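In the two complexes that follow, chain A is the common piece, with chain B as its partner first and chain C second.
Up next, the complex of A and B:
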């Protein structure tokens, strides 16, 4: 399994396939059998993207969406790592929380949007809660597994050196479990982005998710596709940023 | 483990402690405290609703939710809705999973395809599913076609990425042995590559299964015309919280059953792959 740097090496050839798709799309939408109103060609979507960026109208929806994402994701991850460390480290805590976790994590998270809506209303609280919930479980499960998978020799060594529980967790357990935790966090990031967009579509009247659905309903297809494209760029950048951080944080993991 | 977006899962299937932690073993004494906690929370729910401490308009007692569940399941109201969701989900899972495995086999075994296509996949994959629903509505309407298409798309990528990753991390000695024995390409693919990559493929499919359920609900919520996703929205706006919670409850049960069912199959199919035991 090769990770990391080879991405750079793959790009030129890979760029070809991306370009091919765009050309295909351009050619396709000029044909009679595709309604150009439904599928505007890239040559019309690109200027729309440019307009959104240049006019500054990108700022408000984007800060809205990314802000919700950051807060929800942050809260979810911190809580999950905290509980995960406890559950992984202490058998009793694990036994007490495991059934509850097993029951709750089987609920598909989008299904919780309507109930939360009833409780927390149409404000930011609902969206942040749903994003935090979506981020919580993958990180929790991975943290628990990561902590339980720590080599016992490491723990015994720490004990031999009379490390306190706290310093053992901070200096031994956390670094050893970090690769697993980061794996969970990466999965959560994708989920969190999905949930924030969904929540914006279903409730409230701001953010990129709301805009996309709203533009579709008012049949402003070119602008809608421009926003979908922007969201795609966000997704790719978040992923890439996360990978960079992951490499920096656990350099020993990439061979 | 839940939903995916990633190459991570390749690592997942290779790193030892990777299978999901063995699920709860109900009845074991060590978990008594855990079940007591669950019971206590349910009790608090019941009492808080009955005593009127919490606004009972949107907070039905747990017992009311249970009776609503039984009632809607028995009358067929919720049963039909669940069945239609499950059908769409399984159709999308089958199509997307099949495509993912086939494409993954191609991309994994033909290096030039890998170099050509993987950046394209990387570029498309991080797009959040809800965002592609509105554009697709224009072409596919809000019926079954839309939902099955979206689910297939969501399912395809993790399976594809896992299949490719599984194949690319196969021990080189295996492939060389096949070559030494002058096995044909088709034989090698079927009897060497496929079994060797099977754990990774199945891990991808398992992740995709829960993703399929999530995606079906998302699509039903946005392009409402039926199914549990739509039912949830309708009962929420219609202020029928007992029915809404009943649907959530059934979805959780469905998700749990699907996951357990798949894990069961997986253990039978790759019984030789004991790596999952390490994490226990």
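Up next, the complex of A and C:
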């Protein structure tokens, strides 16, 4: 069984490449052929990050972005798991929805922002919907695969002990499909974060996405890069947190 | 001892009484569809199993004995014929009947502790959480797994996992236990231990057991009666009473002349190709025993 926070295992060697890029960036931005106004060195971006964090100005945009992410991602995952269980468990439901799912999941989700914007306006509704849509499909597909992949021996075990359909789904199918569902949810988390930032850039005037675009337009390049860096840290942290939860939830998977 | 030794005679004498027959297999047939054509696996299989009996269902690989057992369990529909369990035709897994799978590692729920796996067999109605746990612990004690209640199946060896599966089957308190090659996936020594365990449990309960196996030695050692399925399309070709004394001993029972004679006869029949006269043990590499 593997132990510990997953990200910690990757640090030592991975750290080298990160340091190399930062050093390269630092050296590059000191050169004559690079405009320091467009590429401020890490030595200037780092204090800017610190300022954003220390002054507390990180709180509002981050809360808005993560709030939208949580709601959209949550709604998307819950709906996907529900439909996925039905599709995986019932052949008729599967046959009804499968072509529609295949059609919709291939549409790049950013393309849906403008049409959704027409119906749902510039408020949170559009952003939550787009994030939910982005999160929905990977979770749905993995849930269906997970449910259909449940070992027949396990299902027959539930039958020989005379479990009802509902009890079989709750006590056997759902836990058995959980590893697959969680894998889908991890993929979705990255997509959802991408879409929430994109949606903020395209519509509305709040959140980290909007802020990055706004800072770029007002030539506050150092602060803009600081926020990009903060988003990167958020992405890595979310993924690490998710992997930790995943390992705790399915300890039998590594067996 | 007294009670067990009487079994064989009692079974024969009471065969006429409907009550003595717990399960009746009547003209069962099954076929697989290959390229649109129905290929019969077995046909016309009829068997009566007496209450309290230990029946061995012996046959070569591919003769459909596991399929037959699944039909008996109500896990598969019968193509022809029917199964009657305590006077009622079996159309779905009936109460008082439990099927023990060969693949214990796939049949246990990896997200549940050993104790909770056993609890899967116990209906939650009318039992407090503590009472339920106590009953699970009781069945774990019977199979010799005290102290492992809070482990997870994947932390245990194969033999121990099958013990958990046996404890879970017992916890359902069935009248009849169907075992599909229950010891074929464990090592030879563990197999002997598990055989002894199942015989102990069977002796101390009023359980009826049907055990599918391709292991002649195992069938003779454990059963009251052995029904043998021939090659495909198979039907019951031979039914023999083992008439070996009980309790059976892993070593001395296997040295009895009667044991050796049965083993010789059954192996001879199993290894004889259709249409071939006499025994041809030497001409076949024996991976069955």
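Here are some notes:
Rule of thumb we're sticking to: the second predicted complex is superposed on the first by the 244 of 255 C-alpha atoms of A that agree within 3 Å, B and C clash if a C-alpha of one lies under 4 Å from a C-alpha of the other, contacts with A are read in each partner's own complex, and residues count from 1 in each chain.
Methods note: contacts are C-beta pairs under 8 Å (C-beta built on N, C-alpha and C of every residue); 3 or more make two chains touch, one makes a residue touch a chain.
What you see is a predicted model, and the numbers here were worked out from it, not measured in a lab.
The superposed arrangement places chain B and chain C next to each other on chain A without a clash. Applying the stated contact rule after C-alpha superposition, one finds that A:225 touches chain B and leaves chain C untouched. One geometric descriptor of the composite model is the angle centred on chain A: between the Cα centres of chain B and chain C it reads 90 degrees, in steps of 10. In the superposed model, A:236 makes contact with chain B only, not with chain C. The larger set of touched chain A residues comes from B, when the choice is between chain B and chain C. In the overlay built on the shared chain, the residue A:198 is in contact with chain B alone; chain C does not reach it.
In the superposition on chain A, A:154 makes contact with chain C only, not with chain B. Of the two partner chains, chain B is the only one touched by A:92; chain C is not. By the touch criterion stated above, A:13 is placed in contact with chain B alone, chain C being left untouched. Of the two partner chains placed by the overlay, only chain B lies in contact with A:109; chain C stays clear of it.
Shortest separation of chain B and chain C in the overlay equals 16 Å (C-alpha atoms, whole Å). The residues of chain A lying in touch with chain C in their complex are 151, 153-154, 156-157, 159-162, 171-172, 175-176, 178, 250-252, 255.
Those residues of chain B whose C-beta lies close enough to touch chain A in the complex are 1-8, 10-12, 14, 16-17, 20-21, 23-24, 26, 30-31, 33-35, 37-38, 41, 58-59, 112, 115-120, 122-132, 134-135, 137-139, 165, 168-169, 210, 213-214, 217-218, 221-222, 228-229, 232-233, 235-236, 241, 244-245, 247-248, 251-253, 255-256, 259, 278-279. For chain C in complex with chain A, the residues that touch the partner chain are 70, 73, 75, 92-93, 95, 97-99, 101, 103, 106-107, 109-111, 120-121, 152-154, 172. For chain A in complex with chain B, the touching residues are 1-3, 7, 10-11, 13-18, 21, 38-39, 92, 95-100, 102-103, 105-115, 117-119, 137-138, 141-142, 144-146, 148-149, 180, 183, 186-187, 189-191, 193-194, 197-198, 201-202, 208-209, 212-213, 215-216, 221, 224-225, 228, 231-232, 235-236, 238-239.
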